[in-house]
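Two complexes come next, and they have one chain in common, chain A, joined by chain B in the first and chain C in the second.
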Partner chain A sequence: MELFIKIHSNYEETLNLTVKDENTMSEIHKTLDARGLSCPMPVLKSKKALKEINVGQVLEILSTDPGSMADIPAWTRTTGQELLTSEERGPKDFRYLVKRMK
Partner chain B sequence: MGKLLMVCDSAATDKLQTLAIIASGMVTSDHEVVIFFMHDAVYALKKDAPPEPEVTSIYPEVAEKVNQARKAGNLLHWKGLLEDLKDLGDVEIVACVQITEILGLEKEDLHPMVDKVAGVNTLAEQAMLADRVMFL
Partner chain C sequence: MSEDKPKRMAIIASQGTLDAAYPPVILASTGVAMDMEVAIFFTFYGFDLIHKKRSKDLKVSPIANPAAPKAFGLMPVPNWMGMLPGMTRIATMMMKSWMKKANVAKFEELREACIEGGVRMIACQMTMDVMGIKEKDIIDGVETGGAATFLEFAKDADITLFM
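Up next, the complex of A and B:
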């Protein structure tokens, strides 16, 4: 099962397949799995990932860093990107959707 | 966006790690960062610098846990982080000319991330051009 997930996530990233977010119905163009990384890596990697999608496209960020609940919103505010979703799905389980605005 | 000048004269691992983390916050927020390394911090940038000392703290538990996290690979090394930031944004790294000379070094003897070796008037100019100055 673990192997399947790994192959699937690489496959999805390589082909840049789009999936839809259930709540916002936004198309997700890229997923950054930043789970296990601590500050400042989730934002640093998000910044890099955002550069790899086009303006208007959406980046999904998965994180286990409790600081990301404050830092991802602060980062999107400062850099003029749009935070579509900020979710705490469980203990140390956070998910964000960021739309690239510029 | 804004510009931050950071000045560091220490080669203490925890200090340099803090410097790189703050720089990361600034660069990912689209701010320009100039880092001026002085005194011991220049020595830490030597290409053939001796192995870095472990993090120290007045609290043994802090040192122990931070060093454990470093060994586990949970913390990106400050040099690697600064290299990443140079690729990502506007980061200029300057080494103090005086200590570079005293140590008998040339720019080529320092880590390639160093943009230039310059003196205190460069620092003075950057301090007045920057929106904020931070000394570590």
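Up next, the complex of A and C:
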């Protein structure tokens, strides 16, 4: 059992290490799946998720809300966080990378 | 943005219909997520939004509200028909189904996010006296106060909204 836990935690560690963004090459520490949620939930959940990572770490946000294209940047600007990426991957498929600055 | 002094938003919620219930809690919860200090003053009909029982039964009035959901979908319905029996119930049901379809959060969920996020929820004492509302009728996480309590907070606000 102990061995299993050891292997399992090693496995998770490896998984965490391998999650990297292709373009910015930044390591993603947490992913928030806000798909299906509408305003204002993506911003509210992002704020919550950002509190769960450390300063300097990166949060990935997935959303289907077209309003998030304006709202996530407005939120990061106002709160002084860094928006690394903001991409529209499809008609209702948005992805953001936010680096926690404080 | 200035590190030491957070931005401040003061909201007065004065209406008690389902459609009017959303804007205060959407803006207040988002304000908190944007590191603002927020207070909502619940007064007159807005009191229903923090009333344990009444907030569970908020309605949309189709009367004097031409934009309210109509019973027959796209067919134009004269506004005066809103006074017919059952029209309020139909408009409320239709709005709830729209909101559900668009996956908009429930009012209670957003109100909870406000309280959890530290929004100052102020219940108007005078409204309580006028309407005979007891403290036990109000949801948890709400303080009571009057005009001066709200103004003391609002005098330093960057954003003030009357809803």
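Methods note: the second predicted complex is superposed on the first by the 84 of 102 C-alpha atoms of A that agree within 3 Å, B and C clash if a C-alpha of one lies under 4 Å from a C-alpha of the other, contacts with A are read in each partner's own complex, and residues count from 1 in each chain.
Basically, contacts are C-beta pairs under 8 Å (C-beta built on N, C-alpha and C of every residue); 3 or more make two chains touch, one makes a residue touch a chain.
Here the structure is a predicted model, which means the values were calculated and not measured.
After superposition onto chain A, partners chain B and chain C are found to clash with each other.
Of the two partner chains, chain B and chain C are each touched by A:39. Of the two partner chains, both chain B and chain C are touched by A:79. In the superposition on chain A, the residues of chain A contacting both chain B and chain C are 38-41, 43-44, 46-47, 75, 78-79. On the chain B side of its complex with chain A, the touching residues are 1, 21, 24-25, 28-30, 74-76, 81, 84-85, 88.
Note for the complex: chain A touches chain C at residues 36-41, 43-44, 46-47, 75, 78-80. The touching residues of chain A, when paired with chain B in their complex, are 38-41, 43-44, 46-48, 74-75, 78-79.
The touching residues of chain C, counted against chain A in their complex, run 1, 7, 26, 29-30, 32-35, 102-105, 110, 113.
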